[in-house]
Amino acid sequence: MKLCVTLIAGCAVLVLLTPLLPLADSTAVHLPRALQTPTLDIFIEHGEPRPTWSGPVAAPLATLREALFGDAQFAPLLGTDALGRCLLARIFVGARVSLLLALVASVASLSIGALWGAVAGMRGGRTDQLLMRGADVIGALPLIFMVIFAVALLRAWRGAHTETWLDQGAVLLCITAAVSWIPTARMVRAEVMSLRNATFVDAARIAGCSNASILRRHLLPNAAPVALASWTISVPRILVLESFLSFLGLGVEAPGVSWGVLLRQGYDALTAVHVSWWLILFPATALAAVLLLLGALGENLRIRLLPQQARGTP
Amino acid sequence: MSALLEVRGLRLEFNTAGRSIEVLRGVDLTLERGGSLALVGESGSGKSVTAQSLLRLLDEPPARITAGSIHIAGRCVSEGPACVANAVRGSVAGMVFQDPQSALHPCTRIGAALAAVVRQHRHCTWREAEQRSLELLMEVGLDAPQRRVEQWPHQLSGGLRQRVAIAMALAGDPQLLIADEPTTALDATVQARVLGLLSRLRAQRGLALLLITHDLGVVAAAADEMAVMYAGRIVEQGPVREVLAQPLHPYSQALRQALPRTDALPRCAPVSLRGLPPLPEHLPTGCAFHPRCSHALPACALEVPALVARNAQHSVACPLEGQGA
Amino acid sequence: MHSLRLPLIALATVLALLLWCFSLTGTAPADLVIGNGPDPRSLDPAQAQSVADARVLASLFEGLVIPDPLSGTPAAAMAQHWTESQDGLRWSFTLRPGLKWSDGRAIDAPDIAWSMLRFLKPATGARMADLLDAVIGAEDCRRGRGPASAVAIEAPDASTLIFRLRERHPCFLKLLAQFPLYPVPRHVYEKHGAAWTSAQHFVSNGPFRLVHWRLRDRIRVERNPHWRDAAQLPLGSIDWRCIDSPATLLNLYVAGALDIAMDVPLSAIPALLASPGSAPGSDLRRHPRLGTFFLRMNVAQPGFAHSAVRRALSLVVDRDLLCSQLLRGGEEPAWSFTPTGMHCGALPYSALRASPLSLDEARAELRIGLQAQGMSTLPAFELLHTTDPLDSSVAEWLQHRYTILGVTCKTVALDAQSLRTRMADGDYAMARSSWMADYDDASNYLECFESSSGANRTGWSHAPYDALLREARSLAGADAERAAKLRAAEALLLHEGPIVPLFHYCSRSLVQPYVRGFEPNPLEWLNPAALRVQR
Amino acid sequence: MEHLPAVLLFVLTPVVLLVCARRSCSARRGSLLRRAAWLPLTVLCVHALSFALVHAVPGGPFDDDRPLAAETRAALEARFGLDRPAFEQWLHAVSGMARAEFGPSLAHRDHSVTEVLVAGAPASLLLGALALAWTLALGIPFGLWAALRRGRSADLTISACIALLLALPTFVLTGLLLIPLVFWWKLLPAAGLDQPSAVLLPSLCLGLPFAAQVARLVRSGVAEALQGEWRRTLVAAGLPERAVAFAALRLSLVSVVAFLGNAAAGVLTGSLVVEQIFAIPGLGAHFVESALNRDFTLALGMVVLYTALAYVLNWAADLMLPVVDPRVELS
């Protein structure tokens, strides 16, 4: 558990501090060295174009990097892609996109799910029936296909309306959040329902507490672990969904970089006469490692937060 | 010719989390062919462990036999890996357990479960095995066995399930039946019928019966001999009639007194034993019973008393040998 | 035992299903397996779309004439010989005797005339229905304004077909060789309607006939015994493998599953070129194609109205670098819109090449153009492209190039449909485009940017350009003069126009050494009747 | 009259089934009927939703690099019925669906949607069935092995593999297996479906993550089952280790079968990617393509087919449950 948290925290820090690292420019097309195999020869290169970073956090870090490393940067340790861009830098930049998206979308899906489940659980009766039947119907749809349609639709819509807030990130975010809240809603509802009928809530009600204070004092603190546990499960799920969509060419689009995009480009470059294995192996390793860590973390948290459930479900 | 079951100085310990706890501390048992022996004691005294260790049913590890020997029908069961007991399991010694609720595999039909055991012990076709299963069910007193073999365990009542369990134990035609609290989980009327069944089977098949129970009433009804166990040791052994009539060990006496008596005067209420049985990891020194014993001598805390024969059949592990009573 | 009945039935069903599926995996190989491209949209000549579709159709059908890939002039096919009237307005074709459909029925001239009229009728929905616009009454007919009987395509007897044109057309014969004009079997069409293209009804007149078509897998054709030259046909059957991804084509080729791969992924070219002596590097055939990859600019967008800005954006792009470093597949840098190797009538047409601008010149042009519009900097604009990997790389490369000029452009990937919609709606600033020649004539290229052309889509309308093209059309028959006019128009297009030609395509194919009769050519045309295997 | 089959299928059948379900005395038959009633309703819902989505997408199926003349476009739209009001088109589509006709495909104009689906089904089915076969053939033995060797090196190795495989999405796993097996060692063909060995790798890639899931279920299920009292009965009756292990496996199969419904749906989704990577002439690739090509009819046909398949497979898994575990009653 401790190891898992440490590793995840390490990844997060690494990803946050990417602008600080002496990485090559992830967008710098450098054709003469296209499809270069991974190298261990040179660690530092001079005179290459440096990546430009903007944003309140990244820009100062990039300045700091200038001060620290000057124009020194890593050679393409993990090889280069078909346009000669450094894979190492692209994996780092892709991590920022993939992980941020997964994080935000999972928070969004958590809020939708928790709200839906809490309302259903609290109100009970017909409202509950209606809400949960709705969730069932949505759950019964072949979601991935709906997602494909929705993405195509939203993209076409975006294509038709140039100046909208709806950029590709927002499209992906909305879609992934919209399809991944159902398990959370179910878990939260079950918890709220069992809590609502629990003796200590009855006791509070007899003691004259208002509904709002019961909700605030008793239900929310007790339902929080469930919500948190479902959140830790939804992060890797959304990460996979994002990379799946990007892989199908429906998610993040070039020149945007995410791990799914990197894998897609890896497959595109892979041919029998030039087996550019690194373009698949390294992004795959990054994705698998993060998923493995998040999965382990989720499992651990679930066992800790919900000891009564941990044994029953596989 | 040697006895059917012979246990000599059996010691067994559990190793968990780096600690070893000795639960059997030198058990001696003998059961002749066709005989019946009841092993009696409070919960935690080691009777069930003894019974299971006879067929090496305990998981090894954590359980481990550290000393002593078990011979069943002349075969040594205690040496080597647990699977050496396969030679006697079912074919020489069958076993019935306490809880009929969970003793049968929930997803196997009665007939199939029995037939599988039959086929394990005699080389025959499925059809013959099914035929044999029907006979076995009839033998243990199930009505309409044709219908029963198609049923699932959860469709039977507790008593019927226990009968099926007995039929399974008998499927290999054993000479010895070990019954580990076979009636505890059943209600009184069913209990009586199951005990009747066991007696009948003994008579019909010439079975030897090792009956593990804490119920002296059951002992009186079903066994000829009894052994009283306390904290992993046999403290008294002898014919049921003699031991019940004249218990020698203070523990046996206490058990005897704890039994409600139908023949006694109404005001002579059962006397419950004071204190709790010791935990195997915190055994008192010397005679394990001495802290609870009203007759304890200073020497009792120092020395473990050996099992001494009082007469040909009756022996006891107490220096007082019933004088305190 | 009855507890096992349900699982057993289920198991048996699954096994039967598996057997059925497996029976589909093994098909006996054809004499020649060609890795083509995606599934044809349709085997109806009027509906087919791409060059890949055309190749499959060419094995099934033949027109009055077929393109001769080497000379560039059409050669006789169904027509034995033809005559053109003095003024070029009346074309008379004489059919070969004994022509038959693949079901053995005879083909006569009225059949072919009917087929041409079907092609024109709006209900057919032919994509290139404007091909025959030069014929009297054809345009009215395809627009639903006139009856089919008014179209001047006549069959006075069973073996003569006469076309009368409203104006002289510089390359009418080349038009007739186009795949959309392949004849359609009237008797089958009238019997089965739109279903005539299904494999069990399909009848054609080419060297091969359709055996079966499994989507996303293959189209199997076999020798048509009723074809005019069936005895001389070297191949008994061909498999057209329908595979979208060039990488898969290459992998299959390397594994020996294909005899010809009609496309090779760009990323594999350097590796293939690195081993020219051994397979598969030695099997690589490259040939310039009559196709241009270019960018359109929307002159209605802020900043793009002045030609100097467009010129700066166009001529600052170093095409040589693009081709030598990014593409590396043998593409030719495009300094003109019409590709090299183009003809004008029968004469070779050599396009004028624009001269590149140095960075300083480009900056100066940009400044002039912006000042004329009262701007100081060019507003950031979007460069639309498709999600195709090649497209994306070019767009990313361009984005990088334009930063050197101090111009900000944002690349936006769209699916092909969305891109088309936005281009058609004029809702773009700069967008990737390509044009493939339908037939080998420079006018086919330059007429795209006439004000009236539907292919223009840039809002660019330039009277002198239109005038030059009109004059060129009127000079049909006088190829040299016509070429001069076209060259002048092209110079105007490059100087004023709304396009950034980037490169001319190059066809790349892998051909096993034992395959003969494969002639690389600018139209990526393949004559299936000439292919043979010599092991 | 045209809409009669649709009314029968989508209105009458569910109502009748639901009424029967309410009337039926056996809980099992009731739930069976209810499930059956919900199938057409779910399909109808999904169809309506996808229809709305597809028709909301700008750009039509006839947009082309070369702009069509207005008359030609109008003729094409009339031919494919796209000139009618949307609601009418939807009604038409629904009544077609009731007769298992989805109309002509707009992108594959020589084929009706039904033909496209029938042509692609064998390959997809083969792939899916083999993937499920791998799922069971690898998942169950390895899960059992790990459970029987719990805590020892075999168990640890298998558990690590399970964790790894669960973390690898299909398209990642495919790449990792493809490179060595196909490109380095050239053991298996890279694409197509020409020889039987060509389905090995795709189905393996598709099945492995599910096999890992099954192995995990079996491992924990068997370990839990072995805690049961019945185990002592069997051992004491002299049954060998093997028989006991199988008996424990039998108990853990309940969760496996319950999972298979999900797995089948997952295999359908996964085949999308695998078919694309291995150029297998199945149904998967049509999905993304039809959405992108605005091939309305094919897209709708695919959605309906996949919804129905997922529903039926889930249902079949539920039906299998009581067969595996007699204690389960259909609810």
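Annotations
Letters A, B, C and D mark the chains in the order given here, with residues in each chain numbered from 1 onward.
Criterion: a contact is a pair of C-beta atoms (placed from the backbone, for glycine too) under 8 Å apart; a residue touches a chain by one contact, two chains touch by 3 or more.
None of these values were measured; they are calculated from a predicted model.
Each chain gets a centre from the mean of its Cα atoms; the one farthest from the centre of subunit D is B. Chain nearest the geometric middle of the protein is D, using mean C-alpha positions. Mean C-alpha positions place subunit C and subunit D at a centre distance of 38 Å.
Separating the centre of subunit A from that of subunit D, both taken as means of CA atoms, is a distance of 25 Å. The geometric centre of subunit A is 43 Å away from that of subunit C, both derived from CA atoms. Rounded to a whole number, the gap between the C-alpha centres of subunit B and subunit C is 91 angstrom. Residue positions 152, 156, 159-160, 249, 267, 270, 272 of subunit A are each in touch with at least two other chains. Touching two or more other chains at once are residues 58-59, 190, 292 of subunit D. Multi-chain contact residues of subunit C (touching two or more other chains) are listed as 3, 251, 254-255, 415, 417-418, 421.
This structure has the following touching chain pairs: A-C, A-D, B-D, C-D.
Per the touch definition, subunit C reaches subunit A in the complex via residues 247, 250-251, 254-255, 265-268, 270-272, 280-281, 325-326, 328, 382, 387, 389, 392-393, 395-397, 399-400, 411-415, 417-419, 421-422, 425, 427. Of all residues in subunit D, those touching subunit A in their complex are 42, 45-46, 49-50, 53-54, 56-59, 163-164, 166-169, 171-172, 175-176, 178-179, 183-184, 190, 216-217, 220-221, 255, 265, 268-269, 272-273, 276-277, 287-288, 291-292, 299, 302-303, 306-307, 310-311. Taken in their complex, subunit D has these residues touching subunit B: 228-230, 232-241, 243, 247, 250-251, 324-327.
Contact residues of subunit A toward subunit D in the complex are 137, 140-142, 144-146, 148-150, 152-153, 156-157, 159-160, 236, 240, 243-244, 247-250, 263, 266-267, 270, 272, 275, 277, 280-281, 284, 287-289, 291-292, 295-296, 314. Contact residues of subunit B toward subunit D in the complex are 52, 55, 57, 83, 86, 89-91, 94-95, 97, 99, 102-108, 116-117, 120-121, 152, 154, 165, 168-169, 171-172, 178.
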